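Shared between the two complexes below is chain A, which pairs with chain B and chain C, respectively.
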Partner chain A sequence: MRVSRWRAARPGPAGWTLLGILAAGLLAAAALGLGPRDLLPREGGGATALRFFRAALEPALDYEDPVLRERASQPYVLTLLLALWRTLAFACAAILASLWGGFGLGFLASSSWWEDEAGDPGTGRLFRGLRPAVQAGVRLLIGLLRSVHELLWAVLFSAAFGLQPITAVLALALPYTGNLAKIWSEMLDEAPAGPARALRQLGARPLQVFLFGRLPRALPDMAAYGFYQLECAIRSSMVLGFFGVGTLGLLLRQSFLEVHFREVWTVLYLVFALVLLMETWSGRLRRRWRLA
Partner chain B sequence: MTRLPADLRLDRIRCLRRERPRLRGAGWTAAGVVLLALSGFASGELRFGDLLSERRGALLRDFLRNEALPPELRGEAFHVLAWLRWLAGVWTGPEAGGAIASLAIGVLAVVLAGAAAVLLMPAATRTLMTRDPFLEPPESAGRGAWRAVPRVARLFCVLLRAIPEYIWAFLLLGIFPHGAWPAVLALALHNGGILARLGADTLENADPRPPRSLRMLGAGRGSIALAALGPQCFGRLLLYFFYRFETCLREATVIGMLGILSLGHLVVEARARDRQDLMIAWILLGSLLVLAADLVSHLVRRAVRRQGLS
Partner chain C sequence: MFELAGAAVRLGGRSVLAGLDLRICEGEQVAIIGPSGAGKTTLLRLLAAGLPAAAGRVRVLGQEPACLRPPELRLLRSRIGFVPQDFGLVPNLRVWRNVVSGRLGQRGLLGALRSHLWPSRRDLLEIHELLERAGIEERMYHRTDTLSGGQQQRVALVRALFQRPRALLADEPVASVDPARARDLLGLLDRLAREEGLTLVVSLHDLELAREFPRVVGLRSGRIEFDEPAEQVDPERLRSLYRLEDGGGAA
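This part shows the complex of A and B:
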């Protein structure tokens, strides 16, 4: 049988997907009016870049501003450490706050809270009639919390009543509550149902089945995701400094705008170290997590 | 069913308890998190009082009653249709190009990130970067100079993704003061690092038989990656790609706050003009865009799973 040359060369489903992605990219570039030629730095951009990267070799260990070096109320290292501590403290407070909402909303949004794997009524059986309304409402709330970025929450709060550390923490906590609730509810539903079924057959009540059959199997996954969200929260807490909260982002922004590139690199190296530390730590946590 | 004696059963229970799935070291990490959060409150940096003060309440009331309402709607704040008409008017107005720009930035960024990741991925794959990939006896695997290649590649990935997109964009604006490249490049660099790491992990977990047989036929590393590992992992890589597409779009909307045209730019501009109503309208449009992207990504990923590509 003779196969036409076109048919032999015709892309399969994977090829079509790749072509589609490529076309979308080209379309987007056209819509933005971007070409590779715009990547050639102009108007001193190249010189700035050169100075910036040269500063990487000698990060600042003291203020670059000579006046500040003489008169600063605290040494540079202390300024750095304070910003680092604020970054971590704000992120931790935000994650702790979102744990509660994550648990509560996550339970209500999961199907295993409302019915067991056999379709019998679960813990929420007393309010069974309300299930469609409550579940849909909670899922909508989760979607709303998630779909507004933490920086937009921060802008919204700063417009409504000014941005202070505690409001920054709240801005961080809201989207992370949504993330935790969504992923946790999925994890609860996907946890192996064997233990729950066994408990049910032993005559346990639905709440017991949920708490002792369902939850423990999902808990390691949930904890791992929680730590991942903590990493993300620390990164976001850095960025919130751009809005005037005293985290690492504020230092970075000030130094860059004052053209103190060596200070910028000090902050960047600190960020690298922090992220590397978090990655190895969470990697170790996950590797030591043994599944029976 | 045979019944075990009571103490044997207890032993069995203890054994099961020891083997239960758990995250070791999680307790210490959690304690650290609590301590850090408490230190924020103890030092007076974080104050609950700030949230509930009288002045703050007055500001919030004023915001909700006056500033957040569009001037055109001050009289009919509870008229849903009027609200919808107003929102539609804003969203289709002349500034709505910002929404399209956000979408384009997100799409272009994730495509570039994917391309960068495809180039970087094989170098970060530990099973591929050995003296004789897939044919080495297990005892000598991962030795020699080749071992440095995936290490360096993975460190590079960490460096790329360590810097948040927003900070990348801020730094790149110093080099490219005009146009959308800083936003696109920032997103592409950060997400390229993430995709390359995830992709390399996927390639490492692939079935070793196809690459091994290719290797026995004398194929090089590039051919193995393209012909044996790539097709096998395609579905999974696609899942990661669309998962990052969601985040790219989320970040593309906010990155405009640095002054690059996208929804974020419209948000801060409305705020600067003291038009909090417009600001809320743009934030809402952004969240609709993100929800739509989530839906698209969800549908595509479900289709990929159904097709059995992964």
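This part shows the complex of A and C:
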């Protein structure tokens, strides 16, 4: 047979998809008229940009507004800490709710487990009959939850309930439930089937096979992803401040509107430190779990 | 104990076993040998009531799996210890947790949860005693993936014994260990099966090791080629069992 460099190097389906994405990106950039010159500051913006970035060197440790500095009911540091606490509280409350939802939905949406069980004569007929409807319904629900961004949920819920803590928590909890359910169900599917097969063979019922055969193997990965989602939820909880929820984002918006760039940098540094801290913590936990 | 009459198994539309007749009595020790792809694993799973037969009759511990309702079938399975070739252990659980799973088929959901989270002293003592007999009791509280392959296999064996089974089936137990260890392991299986009064069925691809068994069943392309005491097995027949068919042979 003759050798062909084209046949050897020809991209496969994944390669073509990647090339397609690359081409689409270039096309989009051209359509939007993007160019490196857009990054240059506009007229008069140069001075503002300079002021903004110079403020990075001296973040505010007190209110920038002299009136507030005299009359504020609480010191600036306390204001910051309270906002930080609320940022964390909203994120944690939302993730806690998502854990339950994500676990239940993720379990029902995972497919390998259903398929294995459905093919086994040791599984009841009711279970086998239920499978297609339950799985399709749950996957639809997960898609629905994920397709709406948390900020959009926040807008919808604040229209329904007004600006209450529950609004922010629900807005965060729904999409994160969807994320956790989707990724967790995939992780459960990826767990090796050997233990599940062995447990089915020794007479375990389907739910036991799931709990003691599939779940333990997937749990470290699931926990790691849960941590990652908590990090994301903290960032989102901050951004919800722009809608008036009392998190760090609210401080950020106010400082921006009043052109208090030093305060802006203080908040940004705080968020940066928080995310870094979360990352080190979750990274350390992941390493401990992964130990082989 | 086990009885197959004209039993056949189809997997994914392909015939894996066909027309099998086999009787294994209580307390017997049987080696099933044959080339890879002959259907040894499928035969073991059929004996363990883990697969439905497409044709023929199957009796396991005096019951017909095909006639049982799911809960009865699960109870029947819980009476047969099965050591799979891949061990089927959860690597990131501690050894005792993998062993305690052996009795899942005899426990309800709550009882199973309790035995995993807050085990009874009696369970732990029993697990320790079994691990001791398998020679790995000091590993009881270690994570399973910190054990060597041979030790993990013993964990799978102990899990099967913890079921309090009436028969022990082991699928290629020596596939991944060196010859010296292989003899060691078969000796352990033999000793434990005798002590517990269990029927023992082991699948092997090594002819030499099969000679230690009083009865050898030769399997090729899903059919039984011979079934006789080890000392009577004709070397020529053994060779023909492993001969490749023209044009590739069985997958």
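Definition applied: the second predicted complex is superposed on the first by the 249 of 292 C-alpha atoms of A that agree within 3 Å, B and C clash if a C-alpha of one lies under 4 Å from a C-alpha of the other, contacts with A are read in each partner's own complex, and residues count from 1 in each chain.
Just so it is clear, contacts are C-beta pairs under 8 Å (C-beta built on N, C-alpha and C of every residue); 3 or more make two chains touch, one makes a residue touch a chain.
On a predicted model such as this, the values are computed, not experimentally measured, just so you know.
Look at A:Leu277: by the touch rule set out above, it reaches neither chain B nor chain C.
More residues of chain A lie in contact with B than with the other chain of the pair chain B and chain C.
Shared-chain residue A:Pro195: touches chain C; no touch with chain B. By the document's definition of touching, neither partner reaches A:Leu78: not chain B, not chain C. Using the contact criterion defined above for the overlaid structures, shared-chain residue A:Gln208 touches chain C, although it does not reach chain B. When the two structures are aligned on the shared chain, A:Phe52 is found in touch with chain B, with no touch to chain C.
Once the two complexes are laid over each other on the shared chain, residue contacts for A:Pro216 go to chain B and to chain C alike.
Where the contact sets of chain A with chain B and with chain C meet, they give residues 216-217, 219-220, 289, 291-292.
Taken together, the chain A residues at the contact with chain C in this complex read 121-125, 194-195, 197-205, 207-208, 211-213, 216-217, 219-220, 289, 291-292. Listing the residues of chain A that touch chain B in their complex gives 13-14, 17, 21-22, 24-25, 27-29, 31-34, 38-39, 41, 43, 45-46, 48-49, 52, 85-86, 88-90, 92-93, 95-96, 143-144, 146-149, 151-152, 155-156, 159-162, 164-167, 169-170, 216-217, 219-220, 223-224, 227, 230, 235-236, 238-239, 242, 249, 252-253, 256, 264, 268, 271-272, 275-276, 279, 281, 284-286, 288-292.
For chain C in complex with chain A, the touching residues are 45, 48, 50, 52, 65, 70-71, 73-82, 84, 86-93, 97, 101-102, 104-106, 109, 112-113, 116, 143, 145-146, 156, 159-160, 163. Residues 16, 19-26, 29, 32-34, 36-37, 39-41, 45-48, 50-51, 56, 59-60, 63-64, 67, 100-101, 103-105, 107-108, 111-112, 114, 158-159, 161-164, 166-167, 170-171, 174-181, 184, 231, 234, 238, 241, 250-251, 253-254, 257, 264, 267-268, 271, 276, 279-280, 283, 286-288, 290-291, 294, 307, 309 of chain B touch chain A in their complex.
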